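Inspection log for the structure reproduced underneath, given as C-alpha cells.
Think of it as A, B, C, D, E and F in the order they're written, each chain with its own count starting at 1.
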Amino acid sequence: MKEEIELIKDGKRLDGRGFDELRPIKIEVGVLKRADGSCYLELGDNKVIAAVYGPREMHPRHAQDAKMAVVKFRYNMAPFSTDDRKRPGPDRRSVEISKVCREAFNPVIMRELYPKTGIEVYVELLQSDAGTRTAGINAASIALADAGIPMKDLVSSVAVGKIDGEMVLDLNAVEDNNGEADMPIAMIARTNTITALQMDGRLTKEEFERGLKLAVGACHQIYELQRTALVTRYNQNYESKSKREEE
Amino acid sequence: MGLEIVNDVRTDYVCDLVKNGKREDGRGFREYRDISVERDVIKRAEGSARVKIGDTDVLVGVKVELGTPFPDTPDKGVIITNAELVPLASPEFESGPPNENSIQLARVVDRGIRGSEAIDLDKLCIEEGEKVWMVFIDIHVLDDNGNLADAAALGAIASLLNLRIPNERYGLTGENTLPMRDTPVAVTTVEIEGNILVDPSFDEGNAAASSVTVISNADGTLSGMQKSGSGGLKEAQIAEMVEIGIEKAGEIRGKYL
Amino acid sequence: MKEEIELIKDGKRLDGRGFDELRPIKIEVGVLKRADGSCYLELGDNKVIAAVYGPREMHPRHAQDAKMAVVKFRYNMAPFSTDDRKRPGPDRRSVEISKVCREAFNPVIMRELYPKTGIEVYVELLQSDAGTRTAGINAASIALADAGIPMKDLVSSVAVGKIDGEMVLDLNAVEDNNGEADMPIAMIARTNTITALQMDGRLTKEEFERGLKLAVGACHQIYELQRTALVTRYNQNYESKSKREEE
Amino acid sequence: MGLEIVNDVRTDYVCDLVKNGKREDGRGFREYRDISVERDVIKRAEGSARVKIGDTDVLVGVKVELGTPFPDTPDKGVIITNAELVPLASPEFESGPPNENSIQLARVVDRGIRGSEAIDLDKLCIEEGEKVWMVFIDIHVLDDNGNLADAAALGAIASLLNLRIPNERYGLTGENTLPMRDTPVAVTTVEIEGNILVDPSFDEGNAAASSVTVISNADGTLSGMQKSGSGGLKEAQIAEMVEIGIEKAGEIRGKYL
Amino acid sequence: MGLEIVNDVRTDYVCDLVKNGKREDGRGFREYRDISVERDVIKRAEGSARVKIGDTDVLVGVKVELGTPFPDTPDKGVIITNAELVPLASPEFESGPPNENSIQLARVVDRGIRGSEAIDLDKLCIEEGEKVWMVFIDIHVLDDNGNLADAAALGAIASLLNLRIPNERYGLTGENTLPMRDTPVAVTTVEIEGNILVDPSFDEGNAAASSVTVISNADGTLSGMQKSGSGGLKEAQIAEMVEIGIEKAGEIRGKYL
Amino acid sequence: MKEEIELIKDGKRLDGRGFDELRPIKIEVGVLKRADGSCYLELGDNKVIAAVYGPREMHPRHAQDAKMAVVKFRYNMAPFSTDDRKRPGPDRRSVEISKVCREAFNPVIMRELYPKTGIEVYVELLQSDAGTRTAGINAASIALADAGIPMKDLVSSVAVGKIDGEMVLDLNAVEDNNGEADMPIAMIARTNTITALQMDGRLTKEEFERGLKLAVGACHQIYELQRTALVTRYNQNYESKSKREEE
C-alpha cells in the first residue's frame, strides 16, 4: 500500500484509461474440444481459459445432492502466469477465490434440473494482471452457456478500486499493487443482482458506494460483450450447420 | 442424511419466524446476542482473547516469533492468520487440513487487519532483510453456534491490542508493546426472506441465502468486506448491510475494545 | 535431561508442592453447546477442553465395525498452547498420544451396545504445562459421561516422574524438561486396572514400582474429583429441570 | 462405466480401421496432424510456446529464477520440468497432485532436454555453490486429444529457444539469451494390430497396446526413449519406431524450430 | 471381511491353547523364538542390522549425515527414528504415510535409545549451532510375524554399535566410531487369558488384550515402557512384565550384542 | 555426464568385467512368510526383495476392473539404500519406475482369470548400485511365479549403457554416474518380446541397435537363472513334501 508511484497523471491512468474505463476485452467461445463448453478471454493482460464439464455423474457419491446438481469451481493459476513462479496446486488464495466464484454462479445455474450430478467449472489463469477472478467469472459464464447448462442469466464481473485517492474501474497489476483498495464484484446484470462481493484495503462509505455504482455500470457493458460473443458463436454454428445440410 | 433433513426443517422454521418479524431467540433484527471478551487467557501466547457471542465460543491466540521477512518486503514484519475449525466445535467440522470455510474465515479476519493498517508492519522489522517479527494469529473455534467471523475478528483485534513483544525471549531489548493504529471490527448480516438480520445464529446462517461481513474502523471507514452464500443481493440491501455494519462496529468497539 | 536446575529445595518442589502432591485441578462439565458431551479441565497450568460426539453414523463405511462402536480419539494442541508456536495439524507425537488415549478408554466404553457407529472424542490443548495427555484423558472421561456414553467406569490419569533423584507426582513443565524420567498412566480407579502406561527416561525397577504406587494413589484422588464434578453437574441439571417443571 | 463402454467401442472401431490401412481422420500411418507453434504467448514467462497438434493443445511456460545449486553440482544450473494435467483439459483428468501420467510426461520431456545437453548447465551458474539460474519448464495441457508427449516436448524446446534470462530483475548484468546447443524433438508412434502409426489421436492412444516416444537431435542421435502401455514389441518394430522417430523429428525441426 | 473372521478363529485358538498352558509353536510362556542378528548388511548405510525373531524379519539401516542442530540444543547431534511398515511385509500394511502403528513403533525404539542415553549426543556436535551429525535410524520391516518392537529395537542398537561416522565423505577428520554408553534391549510381553507370554507371535499379538514393551539397560534399569492394546492390566501383572523384561533383555544382550 | 573417470582400461571395465558381462546374480525364492510369493535378488551390489499379494479383493472398489485383475506395482527405495538418505515415501522417479515395471508385466500376467481382483507386487530396494529397476523386475517375476500367479512367461530385465564410448551391459553405479547413456529394457525372453524400454543420455542409432542386441542376449541368460531358481525351489518343496509324506 505504498503510494510512491504516481498512478494518475492529468486525469488519466498510466495506461491512458479514464477512471471509468475497462481494459480491452477479447472473447473466444468454444475453444476446447474435450470440454463440454469453453471460453478463452483476455481482460487487458489477463489471459484466462474456462472449461465446463457436466452435468455428469458425481464422485464421490457422498458428495452428491439428492435434490440438485453440485457445482464445483476450480480457479487455478498456471505456474508461469505470475512474475514469481507459482507453485502448482491450490493455495489458500485460490481456494477462497474458487469458493467465491462458485457462489457467484449458484443463483443462476438451474441446479434443481440435474439432481445427483456435478457441474464442473475449471478456470485456468494463463497470464495474470490483476482482476483475475473477474476475468475468470466472465469466461466461466460463457463456458457454462457454451456447455448448454441451463442458467437464469449470465453472470458478469468486474473490480473497482482506489488509486491516488480516486475510485477507478478495473485495476491492472501496477494499480492493484500500489493502490489503496480493490473490490471485485459479480452480478446478474439484467436484474442488478450482486452475487459476489469482496473488498480489500480501505474505503470510506461514500467511496464504497461510488465504487459499487461504477462496477454495476461496467457489468452491464461486460454483459453485452458476453452476449455478443455467444450470439456470434451460435450464428457461426447455425451457419456451419446450415451449410452442412445444404451440401 | 438425518442431519440434512433436520437442517431443512430448521431453515423453514427460521424463515417463517423472520417473515413474521421474529427470531428464534427473540432478538430484534438488528440486535446482537450477548458478547463477552476475556483477555490474556493463554499464558503461552503473546496475546489472546476468548470471545463469546451467545453460545458461539472462539479462542484467538497470537504467537510472536522471530523470522525472516518476505523478499519483496524486507523491512516489514509478517502477519499470518490461520483458522482451525477443529471437530470439537461442531458435528459438521472434520479433522484435516484447512478447507474453504476455515480458509475464508482466516482470510476475512486477516483482510480486516491489513486493510485497516492496524499494525504498523514497519515497527515489526528488527533488521532489514534479516530479522522481523512474525505475528501468528491463530483462530481456534471451540463452539460454533453461528457468526464465527465476528467472534474471530473481535478475538483477533482484542488479542493484538494486548500483544507483548517477547524481546527477552530472543535476547533483544525494546518496547514490549505494539502501538495499534486502528481497531477493525467485523459485523456480519444475513439476508433472509428480504430482511437484513445482524449476528446470525447457527440456524439463521444456514437459512440465509446471502451473508455479508463488513469490517470497519474507528473512523467509520471500511477495511474489508466479504459476501458469502449462494444468493444474490440488491445494491440497496448491500448499502443497508454496510450501514448496519458501521453502526454496530461502533457499538462493539465502544463496549468491548 | 540436564540437571543444572535444582528442582527440589528443602524437601519441596519449585512450586511448593510435596513429592506426592497433585497440581490444582479445576473441572467444568458441559461447557460446549454443539458437542454431545464436554468438559473443561485445568491441571496446574494445563488448560484442556474435551468434547464427545456420538454414537453416530461412522464414515467412511469400511471403517465401521459390525460388532461394536469404533472409538476415535483426537488429541490436538492449539498452535498457541506452547512456547514455540505449534504448526497446526497432527504430528507424530500427537498421533501416538491419540492412540494411547483411545486405548485407555477401550476397556470401559461399552462399545458392543452401538455396532457400526463411531464415538468421537476430541481433546484440544489450549495451554500446555506437561502432563497434557493425562489432563486430556481426565477431561475426556468426564465428557464421555456427560455425553451419556455407557461406560463401565471413569478413567483417571496422572503422571509420575523422577526429578533430582526423587520420584514425584504430576510433573510440571520445568520439572519435565529438567527431570530424569516421566511416566504417565491411566487407570480405572475403582478396580485398580491400568489402561495406559508409558515411560520415558531412566528408572530403576524400584523407582518404577514406587512411581507406579504413587500414580495409582493419585488416580483415586482424581477419580473423586471427576465424580464430584459430574454429580454437581447432574444435580444442577436436576435442579434446573425441577425448577422448570415447577414453573 | 458409461465412459468405459464408449472407449471399448472406439477401440474396436480404431482397430478395424487400422486393419484396413486407415485412420479415423483419414491420415496415413506416418502422417502427423497439423502442427502449429505459437511463441512468446505468455508475458510473465521468460519463455513460452503454445503447441497444437490437431486438436491437442499444450501451453509450455518457462520461468527462470535465482536459486541455490544442488550440493553435488555446485557449478551447474537447475532444470525442473513439471506437467499439470489440469481437469480443464480432459474429462479423464482430475484435480490433485501429479499422478503417474503427468509425472511420466514431465520426465520424458526432461530426459530429452538433458540427454541432448541442449542447455549448457554450466552457463546457468552465477556463483559456484551459491547462485545459479533455476529453469522451471511447466507443461500446462489445455486440450488432450492424444499425443501429449510430442506437443509438450516441442513446446518445451520452442520455449527454451526463445528464453530471456531475467538478469535485470535480479540486478544482474550479462547475456539475456541462452545459447542452445541442440534441438531435441519427440516423436511418438504406437503399435495397433501390428502396424506402426505416428502421432496417435486420443482414440488411437487408447487403442494401442504399446506406445514409444523417441527423442532425437539435430544430428540424428537419440536423446531419450520411453515405451509405455501394456503390450509387447518385437525388436524390428522398435527399430522401425526409431527410424520413423528420427525422420519425423527432422521434418518437425525443419518446419517449426 | 474374510480376513476378520479368520482372525477371530485364530484368536479363539490361541486363547484356548494358552488356557491349557500351551502356545501355537510349542514354546514356553517365557521363551523367545529363535533370534538371529546379521550385521553390516547394507553397504550404503553407516550402520545396519537384520534381525529375525522366528519368521519376523526387520532390517534397520542407520544413515549419518551432516546437518544443523535444533535451535534449543545447539551443541547436540540429532537422532531421528523412522519406521516404514511397507506393504511388502504384511497383507495388513498399506502404502502411504506413517500411520499410528508405524509411528508408535518408531517412537518406542527412539525412546529406548534416548532414555538409556546410549548415544552421547554431545559427541555428535562438530560446530556448535552450525554443524552436527544427524543420525537417521530407519526401521524397514520385511516380514511381520509378530513382535516387531523387539526386533526393531534390537536392530537399532545392533546397528548403532557398529556405526561408522562418515568423516571422509564430508572432508572431516576424527574418530569414525561412536562410543556407545549403553545397550537398551526391548522385551515385549502380552497378557492372554490372565497369562503373561513373552515374544508374541502374530496371532498371539492379535489375541492379546494388552501388550507391554519394556526397554532395559545393561545395569537392569528401565529406559522406556509402552503399553498398547485395548485391555487393562493389574499392577501385579505389570510388575511381572517388568521382571520378565529385565531378565530376558539380559539374556538377549548377552547372546546377541 | 562428466567423463573425467576412465571407466575402461585395457578392454576391461573397472570391476574387471568384459563389455557384455553381467554382474553376479544371486536369487533366493520364497524368503518371506506373510507374502503369497517372494524373492530376494542380488545383482552386483543391488539387494532387492520382491513380494506378491493376491489375487485378492481390490480396494477401493471403483478401482476394480470388471473384466480382469488390476496389477499394482510399487517400487520403493529403503531410506538407507542410497549414499544420501532417501526420504521415505514415493518420489517422482519411483512413481515413474513403478508404472514402467507394472506395464512390463501386463503382457504376461493372465489378468482375465481374476476379474475384480488386485494383484499387488511390491519391490523394496535395500541396497542400490544402478540398474535397480531391472533387478526389481527380475525379482518380481520370480515372486509372481512363487505366488502361483498364472503367467504366459517370465519377464527378464537388464540395462545396457554407453561408457567411454563403448556399449556395455549392466552398468554399475560408477559407470552409470559417469557414463553417456543408460537403457533399461524388460522382455519375455522366450518370445523375444520387449515389454519395457527406456533410454537416458545420448546414443547414435547404431549404438542403440547394438545396445538392444546386447540387452536381448543378456535377458536370455537372466531368464535361465530365473528358471533355475524356480526349479530348484520347486524341487526343494517337492522333496520336503515327499519327505514329510514318507515319515
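Keep in mind that, in the parts below, a residue touches a chain if its C-beta (ideal position, glycine included) is under 8 Å from a C-beta of that chain, and two chains touch if they have at least 3 such contacts.
Just so we're clear, the structure is a prediction, and the values are computed from it rather than from any experiment.
K.L.:
What are the mutual neighbours of chain C and chain E in this structure?
P.N.:
Of all the chains present, none is in contact with both chain C and chain E.
K.L.:
For chain B and chain C, let me know how many angstrom lie between their CA-based centres, rounded off.
P.N.:
31
K.L.:
With chain centres taken as the means of their Cα atoms, state the distance from chain C to chain F in Å.
P.N.:
One centre to the other, that is 51 Å.
K.L.:
Using the average of all C-alpha atoms in each chain as its centre, how far is it in Å between chain B and chain F?
P.N.:
Each chain reduced to its C-alpha mean, chain B and chain F end up 58 Å apart.
K.L.:
By the touch rule stated above, which residues of chain B touch at least two different other chains?
P.N.:
Those would be 98.
K.L.:
Multi-chain contacts only, two chains or more: what residues does chain F have there?
P.N.:
In chain F, nothing touches at least two other chains.
K.L.:
Among line, ring, star, complete and other, which best matches the way these chains touch?
P.N.:
ring
K.L.:
Reading around the ring from chain A and passing chain D first, what chain order results?
P.N.:
Read from chain A toward chain D, the cyclic arrangement is A, D, F, E, C, B.
K.L.:
Name, in rising order, each residue of chain F that touches chain E in their complex.
P.N.:
Counting only chain F, the residues touching chain E are 32-35, 45, 47, 49-51, 53, 56-57, 74, 76, 78-85, 88-90, 120, 122-124, 126-128.
K.L.:
In their complex, what parts of chain D are in touch with chain A?
P.N.:
2, 41-45, 48, 55, 57, 59, 61-63, 65, 82, 84, 86-91, 95, 97-98, 136, 138, 140, 142-145
K.L.:
Help me check something: in the complex, which residues belonging to chain F touch chain D?
P.N.:
Against chain D, chain F makes touches at 1, 92-93, 95-96, 98-100, 103, 106-107, 181, 183, 187-188, 191-205, 208-209, 212-213, 216.
K.L.:
Taking the complex as given, what residues does chain E use to touch chain C?
P.N.:
Within the complex, chain E contacts chain C at residues 98-100, 103-104, 106-107, 111, 114-117, 212, 217, 220-235, 238-239, 242-243, 246.
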